[in-house]
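What follows is a pair of complexes built around chain A, which joins chain B in one and chain C in the other.
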Partner chain A sequence: MTKKSTETTAPKNRSTTNKTVGVNDINNNDLSSTEILPVAGGGILDRRLFLKRSLIFTTATLITESSVEAAAEGISPTNSGQSPSMLKPGNTFSNYGLPSPYESQTIRWVSANAMADGNGVSWCPLHELEGIITPNGLHYERHHNGVPDIDPANHQLLIHGLVERPLTFSIDDLKRYPMESRICFVECGGNSNAGWNKRPVQAAAGHIHGLVSCSEWTGVPLSILLHEAGIRPNASWLIAEAADGVAMNISIPVEKAMDDAILALYQNGERIRPENGYPLRLLLPGWEGVTNVKWLRRLQLTDQPVMSRNETAKYTELMPSGKSRQFTFEMEAKSLITSPCAGQEMHGAGYYQITGLAWSGKGKITKVEVSADGGKTWADSELQEPVLSKSFTRFRIPWKWDGSLAVIKSRATDETGYVQPERDVLVKERGRHGYFHYNAIVSWEIAAEGYVSYVYA
Partner chain B sequence: MFTPKQCFIFMLSMFSAVVHAELEQEIQGPKLGKPASEEVIKAWDSSIFPDGKGLPVGKGTVAEGKVLFKAQCAICHGPAGVGGTAEELSGGEQGLTGEYPDKTIGTYWLYATTLFDFIKRGMPLMAPGSLSNDQTYALTAYLLHINEILPADAIMSNENLFQVEMPNREGMIWIYPALKEEPNPVSGN
Partner chain C sequence: MTKKSTETTAPKNRSTTNKTVGVNDINNNDLSSTEILPVAGGGILDRRLFLKRSLIFTTATLITESSVEAAAEGISPTNSGQSPSMLKPGNTFSNYGLPSPYESQTIRWVSANAMADGNGVSWCPLHELEGIITPNGLHYERHHNGVPDIDPANHQLLIHGLVERPLTFSIDDLKRYPMESRICFVECGGNSNAGWNKRPVQAAAGHIHGLVSCSEWTGVPLSILLHEAGIRPNASWLIAEAADGVAMNISIPVEKAMDDAILALYQNGERIRPENGYPLRLLLPGWEGVTNVKWLRRLQLTDQPVMSRNETAKYTELMPSGKSRQFTFEMEAKSLITSPCAGQEMHGAGYYQITGLAWSGKGKITKVEVSADGGKTWADSELQEPVLSKSFTRFRIPWKWDGSLAVIKSRATDETGYVQPERDVLVKERGRHGYFHYNAIVSWEIAAEGYVSYVYA
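For the complex of A and B:
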C-alpha cells in the first residue's frame, strides 16, 4: 500500500540561492528585505538553512487565555534592572521535582467512561512537547479498568505452559538479571482513529493523535527468562496476562518474544509509573500498545492463541469486504507535524520552523518529507539525531509563511521502503470502519487569520 | 516418511534448537526462577481456549442470566444490552458490510468461549472476579440468546459452550505471521 512519490521533490542543492543571501541579511522576519528561494511550493526552505543562517523563527503558540494575560502584563524590572526573582531566596529543594507552575497547560487530556472512571484513555499533549522523549507523567494511558495498586513485594511473574520448567520470579529476582535499555515508542492501536470519520474532528493535535509516546525502557530481555524455563518446540504463542481489574490477556507469537521483547522495570531511568505498568511491563518494540501488557503477572506458552476479547472483538479491523484483519501487531510508519498544528495559533507571516515526529514499528525512519502546498510538492526535512529503530524521530524544516491559506503535511518513509499513505489511499484499501491502525498523512490547514485546523486534503 | 508439514515442523524445531543453543552461549541469566508447583499453576492459569480447554465446571440458563444482567450489568450496558454508556452487547442489525456496521457479539465475535472468559475476568467492572462460574455461564447464555444465537431455554456449561457456532467464526484474516506455512491452528485453513 505504499504510495510512489510522483510529485516533484525539490532539488537539494541550493548553493545558487545561498549565494544571493548574506548571512545576516535574513535574521529578521521582514520578508521584503531579502529573498531566500524556497525548495518546495508554499515557501518550504532548505532544511540546511538551520545550520547556515541565523533565522529568527516565529512560533505558533498554544491557544490559551493565560498566555494572552501574561503577555499583557509584561515583565516588570526593578529600578536596578534586576528581576524580582533575584531579590529574594528561591524555594527550597524538593524530593521529587514537578514542572514549573507556568506550564500547567502541559497535561494529559483525560477521556474516561462516565460510569467507570478507570476505563478510557488519556492523551499525550504532543503539541506541547519537543525532542523525542515523553516525560513519564505525560505518557499516554489506556486502561480497561483503572490503574491497579501493586506492592512489588507481593508481585510474582509466572512462566508456564509448554516449557520444560515452569518458574516464578519476584521483582527482586528480576532486578538481578542482565538488563538492556531501549528507546522506543508505544502506540495504542486506536490512536488517530478519528481519521476514519467522514469529517475531520477539531481538537489539539495531541488530543487526536496523542495515544503514542516514546520512552527509554530498561529491563530484562524476555528471551533470557524463556530460555531459563526451556521452551518446548511446539510452543508458538505466548499468552500474557495483567494483574489489573480485567486480568487483561493477549496472545503474542513466540518469535517476537525471543526477538526483542523486554520485561521492563524502568522508564526513562526511574521505575515504571503505576499507570504504565508498575512494577513490570512487557515491552514489544514497534507493536501495538495492547500487546505491551502492563502489570504483567503471567506468561503461558501455548500452541494456539487464546482468542481473548482484546484480540478478536477489539483490536481487529473490519474491512469493506466484511472480513477483518486480525493480529495486526506492527504499527506502520506514521508522522505528524507538532508545530504548527491544530491547537496552536500563528503569529503573522514570517519564518517558522515546521517540526514534528515520525515513527515506524518496522524499524528506522529514513525520510520525512514536508509539503506546504497541500501535497503538490515535497521537500526532505532534517532528521534530528538520534534516529533509532522503532522510536520517535524528530524532524525539522524551515518555512516562510506568506500569510495566506496553506495546507502543511508530512510523509514518513521507513527503512523497509514503506511510505506513509495519503488518507484516500488508506480509506480505499481499508474502508472507514477498521477503527484501529490509522496511519494516514495528517494535513493541517492554516487560515490567513492564523488558525490551524485538521483537514483531509 | 514425513509429510511436508511434518518435515517443516521438524526443521522448525531443529532451527529453534540451534537458536536456543546460541542464546545459551550469549546471555546467561543468574537462573533465579523458582519452580512453580502444580497447585500454583492450577490456581493462576485462567486461560480459556476456543476448543473449550480451561473452561471451569459449571452451568447456567438464559433465564438466570436475564435476572443477573438486569441486576448487575444493565446500569452500564443498558437494558437488554443496548443504550448504555458502555459497549453495546446486542442489537447488531446492520451486519458488517453496511454504511454503519454493528460489531456486536452476534455479528462480530468469533468464539462463545471468549464471552465467558471476558465476563469472568472483568465484569461487572466495579466488582471484577465476583461472579461464580454458574453465574458467568448464565450471563453468557443470556447474551448469546439476545444476540439470536441460542433459544430462550438454552443451558450453557463447560460441556457445550465451545460448540456454539458463532456467525462470524470465519470472519478474520491473520495478518501475522504473514508467511504462515502451517494451517491456522484454530480455523484449520
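For the complex of A and C:
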C-alpha cells in the first residue's frame, strides 16, 4: 500500500516538500514515508531498488486483528468456510506430473496449414512464463510435415560423403559417447515476422514473438563423431536430413559443426520430446531454428550446399534491392518485455516489475535497457544470473506507473556490441518483405485503462 | 596430467608396441592407434581428454561404400525397407507436449503407504536423466496427506503473529511483486536413507537416491513481504503451514526467511505443478525438503519453534549417544554417479564417460573427484558450467574400462571445504539409526559381465 501522502513520483509531479531519496540513500531506511527518484522518464526506477527490498507495494490486504484468527484457521473474507483442500486427503502420487487444471490457458497456440495440418507452427506462451527455462511441454514447434513416430531401436544416424570412414550410429551407440549440456535458445527464423506488417498485430505477446524457447540441451558434441569419421580436406558443408515425411534437409558449414554443434538426446533432463526431434536433434546454438534439424538421420559431408527448398525458396530474405540474403544463420540480438505485455491488463497505478527476455545468437547479452516514455529515456535493467551465451537472459526493473498512457520498450545489447534496432531502422535497412530475422525493439502501449497493446512507436 | 612416457594405464592389457600419449600430446594427433595414460587407477583418464575430442570410441559401425547409398535412402541393415517415419506425414501439433511413448520407463517410482495412499514418496529417475534440470513431470514427490486440489482464485497467503501489520495476499497480488529466479535443488531429508541399512539395497540409482531434484524456481523474495508486514523485534521464527489435509507445518528461523527464501510461483518457467505446491511454495534454497512447504497458506511470526510432528518425531536424527539432532536444516554436500550406475549394464570393455550430479546446501560445489579402483586413487572430474550455488552440478570424466571387476565412486567438496565422507566415517559419527541426512560416498560395483550394483566399499 502506498504510504505517500499527497504527491506522486514521476519527476514532473514530484513534491519538493516530501523527502526524496535515491537508491544509495535507502540501505537502512524504511521508504514507506518517502518518495523514490526515478532513473528514467515515465517512472522507471533504479534496478537495484528491488535488492534493497524496501519498497512498499500496494497489493497486500491489511486485515484486522479480529479477523486474523479466522484467517489462520482458513476462514477468510473470500472463504466463508475453511479452505476446502484442508478438509480431506489429497490426490495420490503420479508417475509423471501434469500442470494444474487451473492453468489450462498456458498452452501452445497452434497455427497450422488448413490444407496440410502437419505444416505450421505452435507458439510458446512467453507471456505466461517466468525465468529462462521453457518447460518441455511448451517449447515452440515448427513442423514441415508433422511429427514422425520414431522407434529409437530402429533409428540410425549415418555420417557419409567426404569422410574417410562412413559410419552409422544407433541411439544406444550415441548414449555411450561423452556428452555435454548447455542452456541455449532455439528461435525460428520467422519469429516476430508480423512486425513487417504495416500495422501492429494485436495478439498476446507469445503469439507474435513466441517462436523461440530456451532449454538445457544435452548430447554428444558433433565434432567427436566427425573426427571419428575423418573429414576429408575438401569437405566444407554438411547436409543434415530429418527422418520426417519430407526428409527436411539443410546445409551447414563444417566450421559450425566442429565448433559448438551438439547431437542432442536430452532436453531439460529427459529425453527430447517427439515434437522437438525425438530421438535425435541437431543443435546449433544461436542459429536459426530450421538448421537445428529434428529427427536427425543423416549428415552428408559435401563441398557445396545442397540448395534445398529451406535455404532457397524459404529462410532467405528479400532485400529492398530486389536481391535476397541467404545463409543468414545467426539470430541477431533481441529482447521482449513479457510483463506487462500485449494481452495483459494492469491493475491500477503503482509499483510494478517490468520483466522480459533477451537473447543473441552471437554470445552473451551484456545490457538490456528499458524505457517507459516511448524511447525518449532509458535505464539499465538488472540481468538475472547466470547470464549465459546464446541463452535467454531474464531482465527486471522496477517501475512506478502513474496510471496514464505509457509506452514501454526494451533494447538488448550483446557482447559483440550489437544493439537491437528500432523498427524504422530495421525496415529502412531490410525493407518489409524479408519475412525472416525480424528483431526490432518491441513497444507495448499501456492505456490509462490498463490494457496493453502492440504499437509501432 | 602425468607426462610419464613409458608407464601405463590399463597395465595388464596394454600392448607394449603401441604408442602411449598424455593429454598434452594429443592436440593434433589421431589417437586411434595409441594408448592414453590414465590419471588414476582403474583406467580413469584426464578430464580434459574429451575437450580434445580425439578419442576413438568403439560404438559406431563402419559401413561399406556399397551400403552407403541404401543407408542414405533410409534402407539400412536393421531397416530392410525405408524408414517408416519417412513414408507418411507425421502427427499434428499439440497444445502441450508429452514424452515419447518409447520412454515409458522414465517415470517416478511411487512408494506410498498402503494404509494411507497420500503418504509416501515418489522417486525421481536420476539414472535416466542428463544435465542438471529435472523436468517438472519427474520432480520427486513427498506428501504427508496427498496432493490438494487448490483453486488459485480462492487461495490466500496470511502473514501474521509478531508483525506490525497482519497481511493477506491473493495469488494475483503476489504476481504483481518483483520476482527472482534461481536454479536450485530440493532434497528430502530422508533421501538415500537405505544407506543406513546393514546391506546395500539393490535398486536403480534413482530409486535409492532420487528424493532430490533441481529446477529453475521463480517467485517473490519472502524478505519483501516480511518487510511490508513489519517484523517485530522479538520475532525469531516463522511457522509455515500448508493448505493440505494435515495442515503440514514446520518452524523456520527468521534469518533464513530474510536471506534467500522465495515464495515460488513458477518452476522451470511454468506455474508450479500441483504435486510441487501449486499455487504457492516456500522455497528455502539448500534446506531439507520438508521445510520447503508446499501449498503455502500461512506464515506466523513467533518467538519460538512450534515443535510440530515434522521437527520432533520426524526429521530429527537419533545419534549414537541416544540424543537426537534437531533443526538440521542444511543438506550436506553429496554426489552420485548416474552413469554407469546401479540398474544399468555395461556394453563391454572400452571408453565410457562417467557422469553424475553433485550438490551442497551450503553453496557451490568446488570439486568432484572420481575413483575407479574403489577409492585407492582419485582424479578431478570436469564440472559443467554454470556451477551454481545450492544447485545440481553435473560432473564428467572419461574412463577406459578394461572389462574386469571395478568399483567406481565420486566424492564432492563444496565451497566451505566440506568433503563428502566415506560411509564408514559417516556411520561412526552418526550411528545407523539417524534415518535422515545420509550423504556418504556411493560406490557402484561393475561386474566383469557388466552388471552394476550398489556396494559398501
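Methods note: the second predicted complex is superposed on the first by the 395 of 457 C-alpha atoms of A that agree within 3 Å, B and C clash if a C-alpha of one lies under 4 Å from a C-alpha of the other, contacts with A are read in each partner's own complex, and residues count from 1 in each chain.
Rule of thumb we're sticking to: a contact is a pair of C-beta atoms (placed from the backbone, for glycine too) under 8 Å apart; a residue touches a chain by one contact, two chains touch by 3 or more.
Fair warning: this is a prediction, and the values are worked out from it, not measured in the lab.
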Chain C versus chain B on the shared chain A, clash or fit after superposition: clash
Which of chain B and chain C A:R309 touches, first, second, both or neither: first
Partner chain in contact with A:Y102 - chain B first, chain C second, else both or neither: second
First, second, both or neither for A:M115, with chain B first and chain C second: first
Contacts of A:G245 with chain B and chain C, given as first, second, both or neither: both
First, second, both or neither for A:L167, with chain B first and chain C second: both
Chain A: partner with more touched residues, chain B or chain C: C
Which of chain B and chain C A:Y352 touches, first, second, both or neither: second
Which of chain B and chain C A:N193 touches, first, second, both or neither: neither
Partner chain in contact with A:T416 - chain B first, chain C second, else both or neither: neither
Chain B versus chain C as contact partner of A:L318, first or second or both or neither: first
From 59-67, 113-121 or 311-319, the chain C stretch with C-alpha clashes against chain B: 59-67
Doubly contacted residues of chain A, that is, touched by chain B and again by chain C: 116, 118, 145, 158, 160, 165-169, 173, 176-178, 221, 223-225, 227-229, 245, 247, 297-298, 300
Partner chain A, residues of chain B touching it in the complex: 9, 12-13, 16-17, 19-20, 23-24, 27-36, 40-41, 44-50, 75-76, 84-86, 95-97, 101, 103, 105, 108-111, 113-115, 117-118, 121-122, 125-126, 128-129, 171-177, 185-186
Contacting residues of chain A [partner chain B, same complex]: 113-116, 118-119, 144-145, 158-160, 165-169, 173, 176-178, 220-221, 223-225, 227-229, 231, 233-234, 236, 239, 241, 245-249, 253, 255, 258, 297-298, 300, 302-309, 312-313, 316, 318, 320-330, 433
